[in-house]
Amino acid sequence: MTSNQPPLWRRAVAELVGTSLLVMIVVGSGIAAQQLSPNDIGLQLLQNSTATVLGLTVLILVFGPVSGAHFNPAVSLVDWILGRRNGTGLTLPELGTYAVAQALGAVSGSVVANAMFEVETSISVKDRATLGHLLGEVVATAGLILLIFTLAATKRGVLAAPAVGAYIGAAYWFTSSTSFANPAVTVGRIFSDTFAGIAPASVPGFVVAQLVGAAAGLGLLLILFPAAARTADDVVLPHDSAKTSS
Amino acid sequence: MTSNQPPLWRRAVAELVGTSLLVMIVVGSGIAAQQLSPNDIGLQLLQNSTATVLGLTVLILVFGPVSGAHFNPAVSLVDWILGRRNGTGLTLPELGTYAVAQALGAVSGSVVANAMFEVETSISVKDRATLGHLLGEVVATAGLILLIFTLAATKRGVLAAPAVGAYIGAAYWFTSSTSFANPAVTVGRIFSDTFAGIAPASVPGFVVAQLVGAAAGLGLLLILFPAAARTADDVVLPHDSAKTSS
Amino acid sequence: MTSNQPPLWRRAVAELVGTSLLVMIVVGSGIAAQQLSPNDIGLQLLQNSTATVLGLTVLILVFGPVSGAHFNPAVSLVDWILGRRNGTGLTLPELGTYAVAQALGAVSGSVVANAMFEVETSISVKDRATLGHLLGEVVATAGLILLIFTLAATKRGVLAAPAVGAYIGAAYWFTSSTSFANPAVTVGRIFSDTFAGIAPASVPGFVVAQLVGAAAGLGLLLILFPAAARTADDVVLPHDSAKTSS
Amino acid sequence: MTSNQPPLWRRAVAELVGTSLLVMIVVGSGIAAQQLSPNDIGLQLLQNSTATVLGLTVLILVFGPVSGAHFNPAVSLVDWILGRRNGTGLTLPELGTYAVAQALGAVSGSVVANAMFEVETSISVKDRATLGHLLGEVVATAGLILLIFTLAATKRGVLAAPAVGAYIGAAYWFTSSTSFANPAVTVGRIFSDTFAGIAPASVPGFVVAQLVGAAAGLGLLLILFPAAARTADDVVLPHDSAKTSS
């Protein structure tokens, strides 16, 4: 953690607004897809995934210099774990703050998406927790963690925005679960009974699978890039431009 | 504003031609989509948004070195507001010139698009001003302003072309209004009674919502990047190459 | 023209093979689209344009260091015109060599595409020369010329690959003619009576419209970037890496 | 081969996991497409190719610094051939190790994809070996080899990730065979009787065509870039960041 990092309250705002916009993108484009292409679920998913690739890339560009653009408690958790080894990364209280901001943001994103499309906010009834989907979440989250922290470990944090966007866009399709890969977003998606929704009963299984995937991704990272633990702070502040925000 | 900026008349030409091409892309690809995929509105929007992502990115690359590639009075307005704080950015007469050029360009873009597709130029009858859509315009414009001026504030203006293209591509889908987010383009789209058209009665509401969104985006920018006001001139001249155009 | 440029025969091979692959991409993906999505012409065009965006970008990356990756007599012609002003760019004999290589490549690309899809090579019967389509070709070619030589004039030739790919991808949709914008490719597309084909009777009109568009694009370039004439050689050899090819 | 390259066992892990994820992407997104868009094979291929463009780009970013991210015995073979001329590139035992890791990874990728989608792992019955498809494989592999080693020869290895992703995305469409272009992936795709599967009887023809294509691509490379043989090691270690992984 460098000394010219933005204050925690500002980073929490960035995580909250960024995660809110991320869920707005996922849920909102899902509603649009469902309304405009009612006859082909695959086409709906293509519209949903295309919007997410583009939107997530932009969100990481915008909020990265402030908070690192985690938008995801699994990412913040791994950042904390890696940082403990070498005194960088998030501290435990910061991790807690990030996670709360992400969860609040995620829920608000669903609510605003519903309002934009004049759909009532209600609890999703879409059961998603099959064995295949849980395996999908393990794979999706492992890949996401491996990607983000590989880029940090190899000093390529500047590529995180398009790379994470592209990864999620692929994972929508190659994992059976359409790649939630994010506990906060999973919780936020409870609050829209539309294309991207998830029933509350499916959430615990998804979150556990995501944590297992995060652990697997972290293990693979340490096998492939043993130096990763020494460079974790690159995730939080991926480029010099962050200095202009203080 | 640097001293080696192109003269105002040349910048006005760039804003006029660039905005004309932008509306040509939005309206023209909308007509093509409607004609070629008559049975699925979502597929039409996917074709329309894909063409816009690619085309808008290119337009910003081409016209950015001359005029900053605003193509949007809301962007020029915020540039003027931010510039007043530190003596950079557009002056008020320049703002007026930009806005007039953008509006003329937008209308001409609709007319040329209609001509290419041999569709008569007529006033759109597509009512769009619902409460949900107005909220959509607020969100869309807030995000656009936050993105553009964040990139300027963090010295990443070179990323504006692909990032703004990607943002609009996502916002076509995640906002209910398909993200006009631009008063000049909104006016231009009156003049084509096709996929991308908008009825005149819906325009005032859309423009007001866009201005509210611009204010919200500016507010969020100043919370996240307090240094933004000191770097606004990067928007007008995003890279050194501009010097070759004088 | 720098002294460490590859010999003309090698540049001609690059133009021939590159243009052949370009037409293979356009014609081949058109046949695939027609066979796999028979019920929606718009979806066919989306598949065709998506393949072209990706493929053309790659071709410019590969052949750019050798020949400048023109693949288009209109581009070579403008390069020659701009170069005459300052002694750079193609010479007249080189222009002739480029154009012949491009035309031969284009025809061969159609033939190979037909062979891959086991479609007989025959002359297209698809009439395309309407007034609207001719206007489309003027707009499409003007934009292409403006883009390519703006990037050269502003020392951003390294962006040509993704930018030209993106431009053509947008122009497939926003021009009514699906943006041929290239006399050699237009001739090549005669030789496949499939999705991307064009009847011989439509070719002269298209080529004239393309030349008019090239002139319009050149005029606009000189208005916006008066310095363009002094930097045209950047188009032929867009980056230093070309030196490794000698 | 530089002295600070990762040990062979770690590079083999990277090739195995990377190739496994590549096949997971190809096969998994194929299954998703087939299930979600049952009525349009072209739309299925668009979903499949879009996921592959995005996913393959990310995989090369992640595994490139460790092993060079070949994921393809044809690429490793050409790397060895080029390296023999100048004492760089893979050695013969390394080539064998890479190929075995790639094949094991490819098979495991099919198995995991099947498991995620709760589809039984079984041998594909999809015959693909027509004359047109074999010509498609020759073209596809020639283009791939030319692209990868051109980027290396011109010191642009950093572009390999998006460029190879884009190339394969185009080649899905412009070659009749949907561009396998990879012997290991071809073998892996035997083990899923779904959209992306291939019957064992078609595999030998495909692999022979791929080797012929690799030879053609290598020949074209040496015509266009005679210096290529001296720079082959750039493929294995495309950027300095690899040093952080040791």
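In this document, chain identifiers A, B, C and D correspond to the written order of the chains, with residue numbering beginning at 1 in each.
Simple rule for what comes next: a contact is a pair of C-beta atoms (placed from the backbone, for glycine too) under 8 Å apart; a residue touches a chain by one contact, two chains touch by 3 or more.
The model shown is predicted, which means the values in this text are computed figures rather than measured ones.
> Since subunit A and subunit D are copies that touch, is their contact same (over half of the numbers shared) or different (under half)?
Under half shared, hence different.
> How many degrees of rotation bring the Cα atoms of subunit A onto the matching Cα atoms of subunit B, given to the nearest 5?
Superposing subunit A on subunit B takes a rotation of 90 degrees, nearest 5.
> Need the CA-centroid distance for the pair subunit B / subunit C, whole Å please.
Spacing between the chain centres: roughly 28 Å.
> When the centre of a chain is set as the mean of its C-alpha atoms, what distance in Å lies between subunit A and subunit C?
40
> Hey, what residues on subunit A touch two or more of the other chains?
Those would be 40, 43, 46, 50.
> Report the topology of the inter-chain touch graph, choosing from line, ring, star, complete and other.
Contact map by chain: ring.
> Tell me, which parts of subunit C touch subunit B in their complex?
It comes out as residues 40-43, 45-46, 49-50, 53, 130-133, 135-136, 139, 143, 146-147, 150-151, 153-156, 159, 163, 166-167, 169-177, 220, 223-227, 231.
> Under the touch definition given earlier, write down the residues of subunit B that touch subunit C in their complex.
It is residues 10, 13-14, 17, 21, 24-26, 28-29, 31-33, 35-37, 39-40, 43-44, 46-48, 50-52, 54-55, 57-58, 61-63, 65-66, 112-113, 115-118, 241-242, 244-246 of subunit B that touch subunit C.
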